[in-house]
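Structures follow.
In what follows, chain A forms one complex with chain B and a second complex with chain C.
And now, the complex of A and B:
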């Protein structure tokens, strides 16, 4: 049975400390609980979480939805946002964790990538160098979420055209964002239209689309 | 408390609901009526003239043809059919009955959630997540499939194609062996109302996937129809009875792109995992996770465990008809084969067997294919014969496996009667029953006025019994279509 690998990259730099990161945690655990009620997701979805601040950590290796436990997410008091390094780690982990198609064995579904940040990458050089490699990884979708007033959209748009902004970083907006993420993850089990192959659900009202 | 809204429906009746969205589907928002007997579902986007006409027909003439009939009440259990249309704030809504509570999990980790068929159709979900008391047994799953086939047969008889049959659009309850087709507002009338969806992955017919890149008006483009419903129905039955997908095997059709591989494996290159001659798509059991076993491995649980009638139809659906839609079995054929298969089942003698029932196969050493428990003891098999012309009986290739306290019905006694929505209350009562009594198998006549022991040449009065001994011939009904049984005894 093919898996659907879902990678979630979460900004844990100093500015996320406090309410923002607590809201993200609640949003994540609600999302996992919702997905666990969805038979399609329970059968196929695997999730990995990578956090990035001055350190980059894969706090959750790619794990089946049913078996995973969300580890505690901690944020330093201050420090840079190494999104570039996080994407490097992502590329390495995908090599190891995602089953590639071989003549003998079916490969996993194309992975989904969600990036959540409230700032901008501090390691600009690394970030720009890794982007072509990320695009080569053949993601089904890359979705970036710029949360709060200080999040910079421009760098994210180099990574993907699907950039969303959350005006506020409170529990309600993060919750809506994660509800939407779980809709995106669950789309494979839904009816397919006669005119389009795969249509992502529309984003929630609180999320602004940057085109 | 949300405001109560009162509207007048298209048929002039009053419709009430609370102004609070209780559920959201793909295209509709759902509101509840105060008495919770119906829901009102509003399309989020304005609907076009074509949709309006289609829905008007669905709540009108198509509904009346199926439900305003003597069998109407029967069908109400099998469909959540829209009954009326309303307009509110520029939006169009339909009124549908509330789903029966048996279609919601009443306890366990999924309490309150709809019983979507997927839970019961996947080996992994069944083995790892589903509470044991929610699974029903193999016989109730067979009953569930009968309901689905019957409902689809009725739609097709009305010239309607569902166009999106999937475990999402059919609620099931394996405990009581029930099923209910929902989302009936997207029905397709071939040639009149074109489909809006091509279906749900796992159930889309190969020819539809193969041609989905073509323009909608291209003559080569294949869209959902009664023929593609037949494919979806066959997949549903296969999955509910065997808990694996008939086309998901080990063959890789595109090494580099899993999406393309999926498209080929379900479309142009689709191949039955148990195809008797082309073995290139066999399941590689070593690639399955432990939770997918044993059902995931056809070598352990081949489709032949469903018995001869269903095997034949699976062959037509997935071998001959996979790429040749006209060869696929109709819903009526599935219904008939499923009903006859219920006459072949035996209770498993292992009290801990999860399947509890299995199709008895006396060609090999009989054992339960699910738990491996061998069958011990003597067992009568009743072979049915009928007389197309007076006095000359020929075999029907139809048999009834007897077990203790099993019942005989009118449709066994006479081949002109078949169990369906038309079966009268009187005919639903057993006409006889079987017992292992004083060390022999007997049939007690409860309501067969002219049953006769042909071997002994004597009638069997109501309340009397006849022993089931090897070779004994019993005429169940002297009228037209009346069946003769010839008893065969197997010893194990």
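And now, the complex of A and C:
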């Protein structure tokens, strides 16, 4: 059985505490509910969530949609944003969790990566060192979302061409963002037989494209 | 000090009326404070209970479910769990003997997210309290089979294509009753395409030359990500088969080379002659198909890759000494010569596959033709005494039925497929024209995660 692995990296540094993280949780659970109504997603999509602040945690190992329950997401009061470390963990987990094609085993679909942050990586050295490795992982698409006024776009541009911004970090913006993410996942599952990057569906008005 | 003296002190010589107002005021204030203290106590307890790792595993509709939900907290007593009934969800909750765990069982009959109420008393509160509650949820997954939609393609679509196709090429038995091999093929739009009202991207084309007795079969799979791949696959099959048809209409030289190769004990010279023939027929068919697609794209001002398609092509003929089969293959899917008599399943090449699923090569890629060495490797030829069936299929069929390259090489797996066809209503008997319908119906089989277009052609 082939899966479509989806990795979601969520910034849980202090600035996300309160309304932003609560909105992310609502957005995430709406997204899962939507995907459950998509027969293809229900059979193939696997989701993993990695949170990063001063600590990096894979709070949800790669799990099939049918078995998935969203774990509680906790944010510390303050502290750095270790996005570099989070990407390191991502690379390690992919090695373990994603099935590559071999003569005896069919490979999974190329994974999707979503990164959501409201700041900038604090571990800039680690971040820059890990980027080539991440790019080597052959993601079907890497989508970075810079949420709110303090999010820095430049570091994310080094990771991917697909950088989007959210002007505000309220429930409506995150909800729209995650609706769009579920569309992207839907497309990812259906774009069978391509070696190119995914052609993304157009984002909603709240999600701005960074050119 | 006695109580009267204390009251005197407290009243401070004020009137009874004022004194009673004073007492009422402070009593209310203190009660409010006390009640708040008790409320806080409850909030603290409720938050603590909220943090408890209580897991209700997800259920799925129509799948028997059985889970034990444990409440890992010593202070909680008189626990109940409610909200599910056999009438509504098809699930019942039973308290276990230990009073701390519950069995949820049954066969869910409705999908969705349902609230489950955990009620309890908490031991150690300052005063006895009514029941406290925590809301839990159980998720009952829908069955993907209930969610698929069959949306028709837009009527005004460029390059229209039917959602299904089938064909039976009947080569009637000889007058003495000797059966002649027939070809049957069927192709069906995948559920993932139907779900979005997208057309079928697969295609096939069959041909049998009455005069020379050559069989030609082409099957192709248009890339799901390429917007005009349905036309790419159609052109690929048509052009490739047309070319073979022309080349094989007068096949005397080719026949001579094949006969010579047989008589000459497979000599190098005869081998070279056959190679040249195959290149001219099968190899050129592929090249012509590639060029025709590129020309169509150019004429429409589009990129060739917007027409990306695979191509599996085979030509086949019976001689006195046995069967000659030659093939060309680019992309995924499978071409296999299956023979029950000697228990062999010969793959005529292997699918082009990448590190992850869905990465393959297409006829539309120029690099397929630029490396002549690799191009040659895409061609194959076999001479066998006889065979049970020659299969050509797109990955919509080969993925669910074989899954891996190792399985594609396994005779047992091909034998299973043969049995699967037979058990599921496809009667592959000589001259059975109904087999085309049967094969089309067979293509509806269920396999989780495998809902691509499906196309299969069988020469038997």
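Worth pointing out:
Following the convention adopted for this analysis, the second predicted complex is superposed on the first by the 200 of 211 C-alpha atoms of A that agree within 3 Å, B and C clash if a C-alpha of one lies under 4 Å from a C-alpha of the other, contacts with A are read in each partner's own complex, and residues count from 1 in each chain.
In this section, contacts are C-beta pairs under 8 Å (C-beta built on N, C-alpha and C of every residue); 3 or more make two chains touch, one makes a residue touch a chain.
Please read all numbers here as calculations on a predicted model, not as lab measurements.
Legend: residue contacts after superposition of the two complexes on their common chain; A:104 is shown touching both chain B and chain C.
By the touch criterion defined above, A:68 reaches chain C but does not reach chain B. Of the two partner chains, neither chain B nor chain C is touched by A:94. Legend: residue contacts after superposition of the two complexes on their common chain; A:39 is shown touching both chain B and chain C. In the superposition on chain A, the chain among chain B and chain C reaching more residues of chain A is C. Of the two partner chains, neither chain B nor chain C is touched by A:6.
On chain A, the patch touched by chain B and the patch touched by chain C overlap at residues 1-2, 36-37, 39-40, 42-43, 66, 101-110, 138, 189-195. Note for the complex: chain B touches chain A at residues 26, 109-110, 113, 116, 118-119, 122, 124-125, 128-129, 164, 166, 168, 194-201, 204, 212, 216, 223, 248, 250, 252, 254-259, 261-262, 284, 287-289, 292.
Across the complex, chain A meets chain C through its residues 1-3, 33, 36-40, 42-44, 65-69, 100-111, 138, 189-196, 199. Contact residues of chain C toward chain A in the complex are 55, 57-58, 60, 113, 139, 141-142, 144-148, 191-192, 195-196, 221, 223-226, 308, 332, 353-360, 395, 399, 403-406, 448-449, 451-452. Note for the complex: chain A touches chain B at residues 1-2, 36-37, 39-40, 42-43, 66, 101-110, 138, 140, 188-195, 197.
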